[in-house]
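Both of the next two complexes hold chain A, though its partner changes from chain B to chain C.
Showing the complex of A and B:
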């Protein structure tokens, strides 16, 4: 296993490789990846999260060597591998659709990479049994790989990666897409367990927040070929770097309100949120137009008027069993709030709403300033 | 007014998919047919809509036997999981087609007006001149829904319309569907889904299918709070309910249902109804908490997986071989293998018969000490 680094990577499918990117091409719209710097530490569990078309798969192909970046360098443990072909890179991949040799046994599928590398037969047997044990595949070892479930096939793909000692990293590309819903939990748990136990450097690519935040210790969120934020799942949730992250992570997403800094506080439509001197100081240099962000679980809802609270109408109430999700409106502005199911609110009714400053985030354009 | 199903059965080859199913949908209801994949909910929906014929049994619309009516005669609307739109027609034309087929045919102006209104409701009014291939998957499904709703049929059938959309789109469209159907003045909506959260947020009534049988059918809140069978309880929870086996024991002068020295519940108050030696106990995941209140029962387990779902964390624990899942608010970090103590409420559990899986008692109906 190794640490993988991307240094100043840019890529355009229309341009040949060149060492340094000419200054005048930097803003060219044809670049699917621009000026990307990323590091995945040895033995760590990472995810690349983003909507389709954001450049995730392009990055995976660069790491495995299927694609050469137009500019920039790829390093394994500090060694530049940008010009090395895929077969020299020792990267294992698990794809959306399981790739196994259907006509041969699970045993021979797992043994294949070792046999190719000329490992002695007795060692192969020991290794295959060991890997089968770890992945709960012992009972299907003699079966033909065409006759096992999709989840088991994905485990065989993973097994072929971990059976070699020289594997640098394992890349997963949406590995749960075709897995039966009932088996997803088991496979998710197994992948996580094996990653931790064997300290495998992993990069897990997905468009699904749940998959990314569940699998990885460090998640990189991408949009339009650029990194929007890298952090732990908790950091992405509590300290979003942009309004996009605030909305994209979490359910329901963060409430985002256009507001203006005024003498009395932040004016959002027809209500004013008072500001502490500390918050005012932090944002006043960026002023006067901002976006106020507050997660639905931190919106305070009261059935009676309270100081600092403003009246809103409950326009929709969703009971999700564990709690209620309210859509609140006031003069055309809508926000969501999440409250315990036992609260006595009703659709169409009036409630008073508070924005606790401790949980409020302030964005200037695409960047968080508080 | 409404839909009535009487003794419906259906087999494909030798496999019985639906077995003697009867229920009644009243005017104004939004009914979800809830079941995991492969339990026959799509077949039942297709039989109700007239796309499929039952082997036995009858279907009535407004007390009229329509079992032998072809689907064209029924004047219903249907939305499929894989959105179906006419690729050679614009968004506008796709929506206008069902109206042009109406007899008497509405005037050109009326068609344009109704299409415009429906397009606005589903937020596709900016795309009228585009073709389906030029719009996103989410927009295509909006179009399919708009086309189904535009002719204002009494009965609307939807087969997993949100399943193929990503989670933010599901979240947004779920709220919109609730709003749209709230405007419907008469008729009924039948919605097949594998997602408990859709049944919870959208429906007035729920039918749960298992092994070809309709295990329970009733008002949504009733089915959620009083699941008639263990299978209903396990599935119609978000996440799945914790269900484990317990033995009935007398210890320290009290009657207990006991899974381990820690995981045991006092049940003196149910003494007269507990005649067997073993039962199944169910506890919803959000009833396991990490911050105890008075009288709560501590249970210690090892973390096997931590999943991030929306803005919550599902903590999967192994407690002496009993798998437990706790739903915790917020995005929390836990390491696999760590020891964690969760607490359960002495009055928040269900008791099921071990053999029949039927619900015997809800602990909250008779509090401890009463």
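Showing the complex of A and C:
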């Protein structure tokens, strides 16, 4: 396994590899990835999270060598591998759709990379047994790989990756997309287990925040070919670096309101949120226009008027079992709130809403200032 | 509901019975009678069949047709696949190639025969001239081997494009990750072909093999135009013999019986081929 580094990576599907990028702003639109620097530590479990089309798969393909970046370098433990073909890089990659050699048995599938590398038969047998054990595939070893379930196929393609002893890292490209909901949970846990057991550098690409946050120790969130924030799942949740992260992470996403700094506090449309001197001091240098962010679980809802609370109308009420998701509106502004199911609110009714300052985040353009 | 379904099916059933069922029944009926034009048919039981099965020319032509089909499959399927593998994936050149491959398929069979008849004629053909330059005396009308190879070459010219087009279409449907995974697994070119390309093309190739088997087993026009079955009986295929017995012969019953045997053999052959090919790809159970 290894530490994987991306250094000043840029990629355009229309351009050949070149040492230096031409300074031509007209070409900018072609770039799916621009000047990206990323590091994944040896043995860590990482996720690459972002909406479809943000360049996640492009990055994976560059790490495994299926794609050569237009500019920049890829390093394994400090060694530049940018020009090495995939078969020399010893990377395991699991694709969105399970890839197995479906006319041969699971056993021969697992043995395939070893056979290609010329490993002696006895060693192959031992390794295949071992990997089958880890992945719970022992009972299907003799079956044709075309006749096992999707989840098992995905395990086989993972197995082909980890069976080689020199595997540097495992890359997952949305591996659960076509898996039955029932098996999804089991497979996800298995992947996590294998990662822990082998302590192998893993990069898990997904657009599903739940998958990313449950799998990884370190999550990198991307948008439009750029890294927006890297952090632990808890950090992303409580300390979002931008309104995008706030909205993208969490379910439902963070409430974001446009507001302006005035003498009495932050004015968001028709209500005013009073500010403590500390908060005012922190943001006043950044000019009058801000975005106020507050996660739905911190929006306080009360049936009676309280000091500092403002009146809102409940325009939608969704019951998701353990709690209620309320959509509250006031003069065209909508926010969401997550409250316990026992609360006796009703759709169309009036509630009083408070914004606790301890949980409020303030953004200026794309960055957080408080 | 069930009755209404039959109502909707009726037109199709009438068409099928008129075009297939009734003619086949008529042929079966004929094959069981002695039928000389101008006289009343006389029931003959399986007599026609026993006669055919002892007919040397029939047995020879049956063997010959099998041999020809076998050669066609052995040559055209791999070559067609090879052409498809060598074709560019996109671009202008691909368009040109696709059109060129399509041309032979557009030409009606008798025209193909006529074309090659002219090409191979010893007085004005380009093929004999070419072989003469190489110092080979090419005479399809007199030499059995020349005649046979000519027919085979014409069939290849005519039908390799079909196999190539089918394979090309099949290749386009193989998802890229299969090749990417094979690269990551360090598979050689051959291993990639053997474990990715070939299995994924299995169903396309089954279609190609069945089409080529059926068509080459009933090759007629080209042979008729180029060699007429000669020299001697050396290119007298089952189709030629059957039609000569049915159209030119004196006893319609024999022609009918020949047709029935012909049909039976084609169906049987296709069934066997299909069984072999669908099971060939699943040898995975032995590790």
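One rule holds for everything that comes next: the second predicted complex is superposed on the first by the 364 of 370 C-alpha atoms of A that agree within 3 Å, B and C clash if a C-alpha of one lies under 4 Å from a C-alpha of the other, contacts with A are read in each partner's own complex, and residues count from 1 in each chain.
The working rule: a contact is a pair of C-beta atoms (placed from the backbone, for glycine too) under 8 Å apart; a residue touches a chain by one contact, two chains touch by 3 or more.
Owing to the predicted nature of the structure, the values given are computational and were not obtained by experimental measurement.
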Clash-or-fit label for the pair chain B, chain C on chain A: fit
Which superposed partner A:97 touches (first chain B, second chain C, both, neither): second
Touching partner for A:55 - first (chain B), second (chain C), both, neither: neither
Partner chain in contact with A:320 - chain B first, chain C second, else both or neither: first
Partner chain in contact with A:238 - chain B first, chain C second, else both or neither: first
Partner chain(s) touched by A:159 [first = chain B, second = chain C, both, neither]: neither
Which superposed partner A:209 touches (first chain B, second chain C, both, neither): first
Contacts of A:87 with chain B and chain C, given as first, second, both or neither: second
Nearest-approach distance, in Å, of chain C Cα atoms to those of chain B in the combined model: 9
Residues of chain A defined as touching chain B within the complex: 51, 180-182, 185, 188-189, 192-193, 196, 207-210, 213-214, 232-234, 236-238, 247-248, 250-253, 295-297, 316, 318-322, 327, 338
Parts of chain B lying in touch with chain A, wherever the complex brings them together: 36-37, 166-168, 171, 174-175, 178-179, 194, 196-197, 200-201, 224, 237-238, 284, 286, 304-312, 316, 327, 329-333, 336-337
Chain C partner contacts - residues on chain A that touch it in the complex: 61, 64, 66, 85-87, 91-93, 95-97, 99, 101-105, 107-108, 112-113, 116-117, 141-146, 157, 160-161
Chain A-touching residues of chain C, taken from the complex the two chains share: 175, 177-178, 180-181, 183-188, 191, 195-196, 199, 202, 281-287
